[in-house]
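What follows is chain A paired twice: with chain B in the first complex and chain C in the second.
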Partner chain A sequence: MEEFLRIAEITIPLLMQGLVVTIEISVLAIIFSIIVGFLICCMCLSKNKLVEAIARVYIKIFRCTPFMVQVYLAYYGLPSLGLKVSAFWIGVAVMSAYNAAYIAVIFESGIRSIPKGQSEAAAAIGMGYFKTLFRILLPQTVGVIIPPLTGQFLQTVKDTSILSIITVTELTMMTKKAIGVTFAPLFVYLLAGALYWVINIGIEMVTKKIEKKNKLLSI
Partner chain B sequence: MGTVEVIFQYMPLLLKGLRYTILVSIEAIIIALCIGMLLTVVRMGGNSLPSRIVKTIANVYISFVRGTPVLVQIYIIYQALAVIGPNLSSFTSGVIALSLNSGGFMAEIMRGGITAIPKGQIEAGYAIGMSKRQIWTRIILPQVFRVVMPQLTSEFINVIKVSPMLSVVAVVELTRTAQRLVNSTYITIPFYITIAIIYFIVCALLEELVKWQKRRMLAK
Partner chain C sequence: MSKSENIVISVKNLSKSYGELDVLKKIDMDIYEGQVVTIIGPSGSGKSTFLRCLNYLETLTDGEISIFGNTLVGPKESKQAAKDNEKVAKEIRKNVGMVFQQFNLWPHKTVLENVIEGPVQIKKVKKEEAIKKAEELLEKVGMKEKAGALPTQLSGGQQQRVAIARALAMEPKAILFDEPTSALDPEFVNEVLNVMKELAKEGMTMIVVTHEMGFAAEVSDRVCFMDGGYVLEDGTPDEVFKNPKTDRAKQFFSKILNV
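Entry: the complex of A and B
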């Protein structure tokens, strides 16, 4: 027992450092991926066939290859293209690009779930594209897209662990560091797992609250 | 020698890696199916104290599997198995890690499928004197499988996309093979692009299968 306490004493400060980076990356990636995902969703809904095709290809490529391979490609590929940034920002970039593909699909299915007559009616009374989007379509999709969006955010937090392979000092990387000091791999990994678990349960609870609030508002 | 030729020269090795990726994924998905079924049956159990305890354990397990990164789970299983049975190969521990992970997701998929079955059918089963086991094997499971088949295939795609993470515990699947080749040939990006294309082909084909299954299900 004392042994575990000693290990925990060394481990927890390191894990907390990693946790902060994990949360930073997750938040940045979520914000960027919502923006990019929204743009791609708009491209998918576009009447121009070429624009739509580009968006579809983007989604297909990012959804049909493993995230880990994308991370490797970005880590080795971006610097050779002349983009010299830290591993942290490469992580954020690849994470946002990957998540955007999923979020675009979520947005798209949400918007497509609204009857077409509504956007036609909006056009008939002279509303522009963006006005229709922001005043008619998006407010109604909120209820539909929040559950899948939550799932995607949870996935984002979990996926940050993969960035440890490109030396981003997030939670998993710091776990390895702590193991290097304490030589107690199983215990430290379990601790790290518990931390991830706590974050995810937290996100789930928050979004459940938002969902409930949203339901009350719509009645 | 040009890069393309080098890649073609090593293609047989990459394809061997792909074979291991698919092998790991198929083994994992089959075990995961059993775990998922077990969890589902447990979670639909009665209200007696023992079954409530088992139910809680199942729920905590599913929550943990869904709430922690696969990479961390792979490390945990790898280290835990090293304590329990030091002679297991990394391939075996990889399969175990993936199937324990996928099993949790499988249980959720099946629960979704079961809620699609009207409760009246189960009651009718009891009314004509079927036992609990008969109800499971003759009424619930056949229908659930038909409904969740597309989702099971997408879970299989997920497992394939997760399998590169096994390279961190030295399972020589496609990604690990590529890493080794990168280390020995100093050609980095072309190899990663090649394996990305290979993964893309496999996953895109499976996605078409999912679409076909969905269409067939709707047609029925």
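Entry: the complex of A and C
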């Protein structure tokens, strides 16, 4: 029992430190990836073929190469371009760029699933592109895109663990550190796993709420 | 034939192709203020395409359309013309409403919200004012008590009457109807036609694509028969229904009047 208390005393502060960083990165990456993903989606829907092509290439690059390779490339590549950025922000940037590709596809398929008559009825009263997007199309996609978006957000949180390879002091990194001191891998990993689980359950609860609120409105 | 000498919609030499497929072939048509024009013809003859060109839901391949002084031109080679058309279309859509076969109400908005969306968002009318106007319009189409309902809670006929109120809320000078009763169960057809008759009586300029020959004969000032991208017949209901000039029209009428 005393031994257990000693392990917990060392482990818990370390993991809490990591937990905070993991949450910070996750939240920032989710926000940025929604913004960038939405812009990429708009580019995919553009009538301008060049604009669309740029977006398609972006999606191809980020979806078809391993996340870990992207992380290493940014970690070693950005400094060689003369950019001095901390590992934390490199992590946020790569996570955002990577997830944006997936989120763009989710947004796009959601918008394309709305019958054409919906935007035509908006056009017929003289509504412009952005109003049609934000007032007519997007509200109707919420029911369709929330489940896949939720999945993507859960994946984002789990993928933050990969950032330990570039020295970001997130939860997995701190877990390894705690094991190095306590030599109790089973207990420490269990605790780390539980913490990831709690974050993701939290995300699921939030998105469920948004979905429910919208179900009353959309078909 | 015309209620006024004022030409408000003028179509000159309008052509529309989808790739190799020529859907509209050099159509000319002048429509006068207050006129009710029905367009009839077999499936695929280009009726919807013609209507959709008028408010630029479709681009023109060639020709010109002037509506209340705003002119769309077939772009031919010029990219600038296409851009100018977008601007002109915005003006045209302020003056010309459209009612669709599938109603196309916005399902996430209530009946009232559907009707005030245009006035509030596009015309920048104050919300209270828009609501007051919308309630009057809903009253007019017999849908006032459903103002708070969602479109999915309404029958087809009710949805279409709301769609007409939505178009009227923009205070259009003309309304385009693309088979407004074709998606309805027979029992709901008349309630929609009655609203349209009312509008016709009030002097609204209307272009109506329809298969309702009774409506065409009774309400319209002018009937156009389209086939294969041409307007083959164009005259008063009596002229077109009783004395069609073309064999195609005769065939079409004998077919639909026998069923």
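Rule of thumb we're sticking to: the second predicted complex is superposed on the first by the 214 of 219 C-alpha atoms of A that agree within 3 Å, B and C clash if a C-alpha of one lies under 4 Å from a C-alpha of the other, contacts with A are read in each partner's own complex, and residues count from 1 in each chain.
Operating definition for what follows: a contact is a pair of C-beta atoms (placed from the backbone, for glycine too) under 8 Å apart; a residue touches a chain by one contact, two chains touch by 3 or more.
These numbers were taken from a predicted model, which means no experiment stands behind them.
One more residue to check, A:139. First (chain B), second (chain C), both or neither?
Second partner only.
Is A:154 touching anything from chain B or chain C once the two structures are fitted on A? First, second, both or neither.
first
Just checking: does A:113 make contact with chain B only, chain C only, both, or neither of them? Give me first, second, both or neither.
neither
With both complexes superposed on chain A, which partner does A:69 reach: first (chain B), second (chain C), both or neither?
first
Is the number of chain A residues in contact higher for chain B or for chain C?
After superposing on chain A, more of chain A is contacted by B.
Figure out whether A:193 sits in contact with chain B (first) or chain C (second), or with both, or with neither.
first
For A:185 in the superposed arrangement: first (chain B), second (chain C), both or neither?
first
Who does A:121 touch here: chain B (first), chain C (second), both, or neither?
second
For chain B, which residues count as touching chain A in their complex?
Residues 63-64, 66-73, 75-76, 79-80, 83, 160-165, 167-168, 175, 188-189, 192-193, 195-196, 199-200, 203-204, 207 of chain B touch chain A in their complex.
Okay, in this complex, where on chain C does chain A touch?
Spelled out, the residues of chain C in touch with chain A are 55, 57, 90, 93-94, 97-98, 100, 102, 104-108, 117-118, 121-122, 150, 152, 163, 166-167, 170.
Which residues of chain A touch chain B in their complex?
Touch residues, chain A against chain B: 60-61, 63-70, 72-73, 76-77, 80, 154, 158-162, 164-165, 172, 175, 185-186, 189-190, 192-193, 196-197, 200-201.
Provide the residue numbers of chain A that touch chain C in the complex, in ascending order.
Interface residues on chain A, with respect to chain C: 115, 117-118, 120-128, 131, 135-136, 139-140, 217-219.
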